[in-house]
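Following this line, the structures themselves.
Next come two complexes, and both contain subunit A; in the first it sits with subunit B, in the second with subunit C.
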Partner chain A sequence: MALSLRNPTLINRDQHKMSYYFTILSPTDTPLFNIAFGTSKGGGDGIARFRFPETAQYMNQFIIHSSLDILEEAQWTNGSMYLKHIDTYPPAAAYITAFLTPSGARFLLLHQPPHLPSSTGSSGLGASSLLGSAGSTTRASSSSIAANPTSPQTEEAVRQFMNEVYENYVKTAMNPFYKQGMEIKSPVFRTRVTAAGKKWL
Partner chain B sequence: MSSNKTSRIGEETRVDKVNAELVTLTYGTIVAQLCQDYDSNYQDVNKQLEKMGYNIGMRLIEDFLAKSGVGRCANFRDTADMIAKVGFKIFLNVTPTVTNWTSDNTQFSLIFEENPLADFVELPDDGRAQDELWFSNILCGVLRGALEMVQMQIEAHFVSDVLRGDDTTEMRVSLVRYIEDEMPPEEE
Partner chain C sequence: MAAPPRHATMLSISNGDKPAQTQAQSQQGTLPQSPGLRVPSNRKTIYDRHLNRSRNAESSRASFAFLFGEMVTYAQRRVTGIQDLEKRLNEQGYPLGLRLLDLLFYRSTSTSSSALSSSSTSSSPPNRPLRIITLLHLIHGPLWRLLFGRAADALEHSVSPDTPNEYMITDNDPLVNTYISVPREMSMLNCAAFVAGIIEGVCDGCGFETKVSAHNQPTDLWPSRTVFLVRFGDAVMEREKVLERSGVK
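After this line comes the complex of A and B, so read on.
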């Protein structure tokens, strides 16, 4: 059991490298901050490798903005700031997770697994089903985050990430030289978001 | 006056209730507004902050003496201790370190481990603020104003600031002279 679990993880090492695109939108939908990064857990190099690199830059923006309607519905369904996985865009296999601050700023995280689901094959499926049954004992969170973008482990990891970004966002908003609704240019904030990504995703 | 006794006075007369964020945001807003009003001419902003501090210091000294009940300092070293351990403790609840005395005891440095005025602050990213703006310059003015009211003419300026990426926040204070009682110039 332990062996069969480890093997697919090794074979499909590349498949566990998720690409992330994180954006902060103001309450009026103005983009305040963008960053792209990749999986750092489980030996990832933290570099984003989107499936369609030549169009990723604007497609990611497009996909994220297209989930705003769903976000606005989801925000009234429960009282928490973390809204978990709210939307999927199948053509790009992009999953959107959202976090809403009380003042209405939206944190949106797009995650994209590296290969189309069909090409991951049975081994990938086997890995995720195995994890589903034995996940609590193995705690192979690094692989499960990438193997299944909607798994509880992933949601928990993203929640931690969002909370850390939120903390830093509050500090940035308290900077007297930052004007509400302006683009966040602070290099300190960017470094901290990168660090949060490294730590949790 | 012994250094320990000074610490005790600072501890006892400290006011414990003021919301730090309120102070930080209020001061930050003032500086940001000045930067805007002076079109990011940071030399002018520094000067203005110093002037504002001077006006605060002139009144604050009265409040300080009333609250702390301390008497006359025997020498400038005593004064430095009093500023760091009582003055800053009462009004900002921080205790900067007094150090780097010159041999003639007329110049010292205050090293600020923490600076409530500068919480959350990142200087504007325009390539000049990092070199020109002394964000907490109001403190220099406060010291100058306060000490002038007790017959000490001093000069104070910041020499480093963690906001600029320096390792420490350091203010240099120099005693220019003790002001002797003078006749008011205009009166006959």
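After this line comes the complex of A and C, so read on.
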């Protein structure tokens, strides 16, 4: 708390930069599409900077797939398409938000706040508790959606993002040459998802 | 950004007029991240089109009748019997059901006059069906309206205690059978097996494992009356019991 008073600009700039990993899974858990990007709002450059860049590529997939069990439970108790924040993986401070299309495709978004300057040295449990306290300071200091992955603002921004991706997904699915369960290779689709990420996250 | 320009004001639908190859070279410049992508001559990809534009449009009944007739002929090639033919028609309908499901939900979320108004009371996005009854109402009402412009005629539950997993959707005069004349020796055939496939696709998409079949049940008033028999799998019935106990609607 004293830190944010001493140097508020530094904290804010760092807190704005969330890293995202978005993936679409078929009802039979086949990955159809994935993309990594970073915050574009508030001066972000849209580039993902995961905490553990050397392992992020497979760890992100691992973390997202491990949330599928929770998703499949939530699926039958909550009838909405947007299931909000469903899972957290503390060691990597990764938050998972889910959206379920009526035809069973799952949109999963992993968001990871950046390293805090003070938590670089600590590991595992320590990092997550530090993150918790840091989260509360930034909640007070900024209303940015990136500041707190479980705040209502973030949930709303992700909802908008998911809805926009859903629209493009429906267009893909309506393509007579596309069969459900096929990988989505369209570069136009990728451009559209990137644009949605820029617009909302 | 290199996003393809939106031509929201352009109403041209003549996408297929010119071969896309003629534009391929100029497209390389506008979409550098996508070499080799073929874009229609008016540069409108399917992603630039609005999903609600054809919402109230109806396709010509004559062309539908012709196409469906051709589909039946196609399915009839090298079949071993009526059951095989119906299975093929069913398989043609199945992927359509999966697609329609997403389209149906998209259209009802993006417009204020909800197409699912009968099954959802609020104006917020409709819920995915979790229970059998909600799913069947979705098929009986919104899906039938999307396909045929009217709701189905009846929705019934099997009265027999041995088959609690059977439900019946009745259509007094199915559009698909209007222009199909079935030869006498194939009187068992019902080409609405195609629609049964669509229903199966919708149910499967929602996570309800189902077998759907179409049966002729003519009455004096409705000679082509068809009953769609929906048989849910055991896993679905088990889940239904669990959901009922936990009070999920």
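Here are some notes:
Keep in mind that, in the parts below, the second predicted complex is superposed on the first by the 163 of 201 C-alpha atoms of A that agree within 3 Å, B and C clash if a C-alpha of one lies under 4 Å from a C-alpha of the other, contacts with A are read in each partner's own complex, and residues count from 1 in each chain.
Here is the rule we use: a contact is a pair of C-beta atoms (placed from the backbone, for glycine too) under 8 Å apart; a residue touches a chain by one contact, two chains touch by 3 or more.
Nothing here was measured: the structure is a model prediction, and the numbers come from that model.
Subunit B and subunit C, once both complexes are superposed via subunit A, clash.
Between subunit B and subunit C, it is C that contacts the larger number of residues in subunit A.
In the superposition on chain A, contact of A:167 is made with subunit C only, not with subunit B. In the superposition on chain A, A:188 makes contact with both subunit B and subunit C.
By the document's definition of touching, of the two partners only subunit B reaches A:177; subunit C does not. Look at A:104: by the touch rule set out above, it reaches subunit C but stays clear of subunit B. In the superposition on chain A, A:199 contacts neither subunit B nor subunit C. Once the complexes are superposed on chain A, the part of subunit B occupying the same space as subunit C corresponds, among 73-81, 109-117 or 145-153, to 109-117.
Put simply, subunit A uses residues 171-172, 174-175, 186-188 to touch subunit B in one complex and subunit C in the other. Against subunit B, in their complex, subunit A makes its touches with residues 171-172, 174-178, 185-188. Note for the complex: subunit B touches subunit A at residues 21, 24-25, 27-29, 31-32, 35, 119-125. Note for the complex: subunit C touches subunit A at residues 1-4, 31, 33-34, 37, 45-47, 49, 51, 95, 98-99, 101-106, 109-110, 125, 127-130, 205-207, 239, 243, 246, 248-249.
Residues of subunit A that touch subunit C in their complex: 27, 75-77, 79-82, 100-104, 163, 166-175, 179-180, 186-192, 195.
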